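Structure first, commentary second.
By written order: A, B, C and D. Residues from 1 in each chain.
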Amino acid sequence: MNFRDEHDEREMKRFALSDTLIDIASLRDTLLDARAGACASFEGWVRDHNDGRTVRGLRYEAYAALAEAEGERIVDEALAKFEIVDARCVHRTGELAIGELAIWAGASAAHRDAAFAACRYIVDEVKSRVPIWKHERYADGAAGWLHPQPEQEKPA
Amino acid sequence: MNFRDEHDEREMKRFALSDTLIDIASLRDTLLDARAGACASFEGWVRDHNDGRTVRGLRYEAYAALAEAEGERIVDEALAKFEIVDARCVHRTGELAIGELAIWAGASAAHRDAAFAACRYIVDEVKSRVPIWKHERYADGAAGWLHPQPEQEKPA
Amino acid sequence: MARVTVLYFASLRDAAGVASERLETEAPDLRTLYESARTRYGFALPIDRLRVAVDGAFAKWGDPVRDGGEIAFIPPVSGG
Amino acid sequence: MARVTVLYFASLRDAAGVASERLETEAPDLRTLYESARTRYGFALPIDRLRVAVDGAFAKWGDPVRDGGEIAFIPPVSGG
């Protein structure tokens, strides 16, 4: 059980990039709090297809300094907007295989409405604002960076 | 990576009661699928307070035969209603301490809209329809069964 | 006359003092069966706050009491 | 005349052939700096699809090019 004190609140990083496997259990444990009755979490996995093409693998590249600052801003926004106790998000960088975890986000709250809303907010905002780019390799040998048009963006 | 075959689909139990600690990692692993890009999950934790009273501990009791049938029906409904790949839910019975996991639900899908919606649906329906009852013990020595009025129900 | 098993859960079990009992009843339907148990044990919950199940499946209060049935009165649930 | 470092990411880096470069530029603002890089390297992405950052914080295309600044052109992101 964690009780954050005011000092920790200012120092703690709640968003991180990781170039190794994301440790879900440890992240989830950081959200434990006796005041929280609900915890919603999200995992983004590497799918074997995208827009009808078979995907063999991918890598994520980030502009690390800005990605970390913007990710932290997003989690801070979620803490301000929703009645949650805590929230965390980690995004992978580097080479990932099919099925690997690309992003994890979680939020704990007294009640489940806020936990779900905050978790969803963090995932949506990270996908649309944090400078991270996906490079996909396809079964047909082609490869390329994904730079979605706003109108082409799909929830994934 | 699991690929369910048609036979498994009919046989597999996707809702369970458990009288021991819920193993989150194993449950989450059952949802892995190369077609899935998103997984939303929910944990309900025992809070240290309820309606302004300090809670010391609680126990859940179920009408097991009906709870399992109704829980399974709810997960089946989620599979029919939302474009998800798979879903699971486990609810604890017996004695729980503060902070312990009372319910876990998760849904995997190609896209995150369906994963979040299905996860939320399962949690909401289990809380309102499955014959499980909570007995709370309070710091002041009192104890009692929770039988919420429909209008008093709160998301938790 | 029907011989049935009745299951009591949560606050109903505390009030009845038993988790289940075997009864011989002349109650024509499940509603009447609950009302007589309510009178006998002083259950606080009125029938419109409960559901009822027979042999592990939800039933209707107007359903007849069948011989050999297992009847469960389901007070408002509070899982999660 | 300003000396700046410019960072290229994803498809911009592939097109430029470098992840970063040091430049001496007379571009008065970030918009002009991007347009000259776009002409030089043949970037496919028009400026209205990009964002720009200076020294690790988002900036505006109309901001002046400051000497010693680290400028990053941010193509549409695709994390998650």
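Basically, contacts are C-beta pairs under 8 Å (C-beta built on N, C-alpha and C of every residue); 3 or more make two chains touch, one makes a residue touch a chain.
On a predicted model such as this, the values are computed, not experimentally measured, just so you know.
Annotation: omitting subunit A yields the touching groups B, C | D among the remaining chains. With respect to subunit A, maximal separation of chain centres occurs for C (centres as means of Cα atoms).
Averaging Cα coordinates per chain places subunit A and subunit B 23 Å apart. Taking each chain's centre as the average of its CA atoms, subunit B and subunit D sit 49 Å apart. Each chain gets a centre from the mean of its Cα atoms; for subunit A and subunit D, those two points are 26 Å apart. Listed for subunit B are residues 44, 123, 156, each touching two or more other chains.
Pairwise chain contacts in this structure: A-B, A-D, B-C.
The touching residues of subunit B, when paired with subunit A in their complex, are 1, 24-25, 28, 32, 34-49, 98-99, 108, 110-113, 115-116, 119-120, 123, 154-156. Those residues of subunit D that touch subunit A in the shared complex are 7, 9-11, 14, 45, 49, 53, 56-58, 72, 74-80. Looking at the complex, you find that subunit A touches subunit D at residues 44, 60-63, 65-67, 69-70, 91, 102-103, 123, 126-135, 144-150, 156.
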